[in-house]
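You will see two complexes here that share subunit A, one where it goes with subunit B and one where it goes with subunit C.
And now, the complex of A and B:
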């Protein structure tokens, strides 16, 4: 009896020590789940999810504090990707967070800009260039279309212009099953 | 051509997987000799006619330009300039419909021609090309805007740069797609240019062997080229007859036929010692070097039962399709469809206002009966015909499931990007599934997602850097405040000390005074 108790206690002590050691030795840095979630977010840094950026939102989802449907720029496909990753049910976009809009880029009307630098301070990705009492301009390639520069502008000189599709960014439409054959064409004799 | 100098070689040929024997429909356009199309009143030059980065306009509105004068400059390593098709005045630099499956507009330089067709003299002819270094030859080919004329329009100068030792240069005259006959025409009427171009390319690449592949259903082309090679007396150039199987004109398929070797899926032909150029490209390399001409025209097959006189024409780059069709006698009353490219890989155009570009090899004007009605797509019955026909040895059926389910990672893992979009699987599919369209859709979505991912990564980096900078600024402010507080406290302490000292002195003085007063009284 005593032997059995001692053996089990001894084993428990050994495994406990082993586990304790590995927990310290092989500790994961950061939060891998939050990293994975973050990589699915569009990095717009718009804060429409009510968190201060994509990283805080990713951490909140990882901690189970936030729903996965609060990211309007990610849209439906983003929610689906998150649902897949976290093995959760798909939920439609929370209307409280906003609605999915076509990608846009901020454009400053340079005639009206008074050079107040408020938009520069608001831009989460440093995409606005300018200094006090001088005209500001948006680096279009870096703009994420987050809308955060709109509210602080005292003269309302910033417009969000939707990004159209050009030949470089155009994608082939998905064929519908019932669609008649396309023009890559069945000329008679080709068969 | 039965003499000893006959350079037509009989190689032991390989065979690529799959492929189809198709009705060639080429004689429709090969009855008439090669003719030049008249110069149209307006030439519309799209600035992106090649693979790679678009070019930038370098002329101004109102400027007079000459035939072959550069009107745009390349914007990267993989890019090419565009040259004016004829002399005239630049009247606009604006967006205009261009030949693209999207039907979208792109930036074009519009030239109103003056009919004088005056040539630009900026590129001197170099008849003694062998005196030039390969680097100088490449620079000239690049300046002259020469791109692959087989259809992909990849800048030729980039592909005239052999990274390692090559076994052979292959010139592709295996024009396998039904209806197209522009390379056949070029071989029959401009064989000398092709042979000269081959010699220049051999010099630029420092290679000792050139194989010119011509399909065996084009005996006249084969004979013309063999004659031209014999006249040049260059034993390095061999003409090879290959069997006519679609899509043999594909780069990888042709290499397999000629050499029996296979290009690895993630590699390039140069990795196994071969480089493939189109015969039309070789002819233009010869013109760029020997005549100092920039690429400003090409041979276009105008064919189909919807045009009065199908034929091959040498057309100035930038000529609107309507003018090309008019030069062929116009449309017949049954014309219904306009395709750019051949019957298998071509795409339909919304209007004939679109200009001819460097990669336009063929225009098919079809009648209603030509576009054979095909029933709506039915369910895949998993017969596997598509896999048997696929020249890239893919599994189109599996790729189709993944593309349909938007599961792009899986499609990519099954080598979706090895698909050459030849359309063989579409043609053999008994359920009429538009497989190639699914693959194009999946490929373009993968590119799209990749662009988004790169953009998101950049935004994240910039956001993180900004956060770090702001945090640093806040920390600096805190440090400054702390320093000031300490300074203030130290200042207060000194002040208190001094005050105490003064008080003490004052007190002592008072005591002394009191004592003195007391003494006086006493």
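And now, the complex of A and C:
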């Protein structure tokens, strides 16, 4: 009887120690799935997905609480990337979250700005510079084009200016847009 | 050597644990909806089965048999299997978080996969040596993996087929499994094992 108890206890203790060691050795920090999802999100922190920012949205997707189609800045290509990563079906953008728009930056009309600092508090990425009773300005490189500074502005002095294609942002047109219908399209057309 | 090869063929094809002995049906039905998941599950189970077959052999020979504690076999083996599964879970979580999420509850459920305990107990029953135990476990795992991947492939096709309404879902999956079991009966008598 004593041997039996000692044997089972001993076995359990040995496995416990081994597992304890492995747990320390193979520790995973945070949620690796949420990390991968977050790296695919556009990091505009715009909150159009109804979450406070890109990280909380990524965590909600990882936990299975949120659909992958609630990110308008990411657009269709963003949803496709997420669907690919998570091995889910592609779903079109949820119109409730907003619609896909070309990327823009906020520009403050400095003549009209009254220096109220309301937009500074609204900016999720601290891209607006200025202080009370002095005019503000937007650091264009930091601005994610999230539109969050528009509603609080009492004098409507902020405009969203789409980023045009210049020598920095121009890319080759995507093959899918420029090519004539591929073989699959032609086949289905014939049938 | 030929003995070991015979054990492999016998466990993979002739006495396939899933389709001939009907052990381990839970993950077989549960995780076979997608080929990718099924492959991941097959790999994880292969690892667990082989390792736990070896570990339980060691526990049996060096601990239970000398002390005359044969009646503790089941609980001791469950302990071994649970530890191996826990270990696998940590490794998978670290190395492939996506697979970890996809496998979900089925990963810890390998503990209760009766094929794993079945292999450990059958090894004792048939008085296998260490190498034989190892090959028996590995063969069983290969058989499980083979059937799992084949079945997932079939199910992926059945999913897009025009199945009559009463047969949709689990019903057609079970029928498919039954047909595959019939096919595997064809291997009977290939190797004595």
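Points worth noting:
Everything that follows uses one rule, which is that the second predicted complex is superposed on the first by the 149 of 191 C-alpha atoms of A that agree within 3 Å, B and C clash if a C-alpha of one lies under 4 Å from a C-alpha of the other, contacts with A are read in each partner's own complex, and residues count from 1 in each chain.
The definition used in the following text is that a residue touches a chain if its C-beta (ideal position, glycine included) is under 8 Å from a C-beta of that chain, and two chains touch if they have at least 3 such contacts.
Keep in mind that what you see is a predicted model, and the values were worked out from it rather than measured.
Using the contact criterion defined above for the overlaid structures, shared-chain residue A:75 touches neither subunit B nor subunit C, since it reaches no partner. Which of subunit B and subunit C touches more residues of subunit A: that partner is B.
By the document's definition of touching, of the two partners only subunit B reaches A:166; subunit C does not. In the superposed pair of complexes, A:56 makes contact with neither subunit B nor subunit C.
In the superposed model, A:23 makes contact with subunit C only, not with subunit B. Look at A:33: by the touch rule set out above, it reaches subunit C but stays clear of subunit B. Once the two complexes are overlaid on the shared chain, A:44 sits against subunit B while remaining clear of subunit C. Against subunit A, the residues of subunit C that register as touching in their complex are 34, 36, 59, 63-64, 67, 69, 72, 75-76, 79-80, 82-83, 86-87, 90-91, 93-94, 97-98, 101-102.
In the complex of the two chains, the subunit A residues touching subunit C come out as 3-4, 7-8, 11-12, 15, 18-19, 22-23, 26-28, 31-33, 36, 62, 85-87. Of all the residues in subunit B, the ones that touch subunit A in their complex are 22-23, 25, 48, 98, 100-102, 104, 106, 178-179, 304, 337, 339, 343-348, 364, 366, 369-372, 374, 376-377, 423, 426-427, 432-434, 436-438, 440-441, 443-445, 447-448, 451-452, 455-460, 462-463, 465-467. Considering their complex, residues 38, 41-45, 53-54, 124-127, 142, 144, 165-167, 169-175, 177-191 of subunit A touch subunit B.
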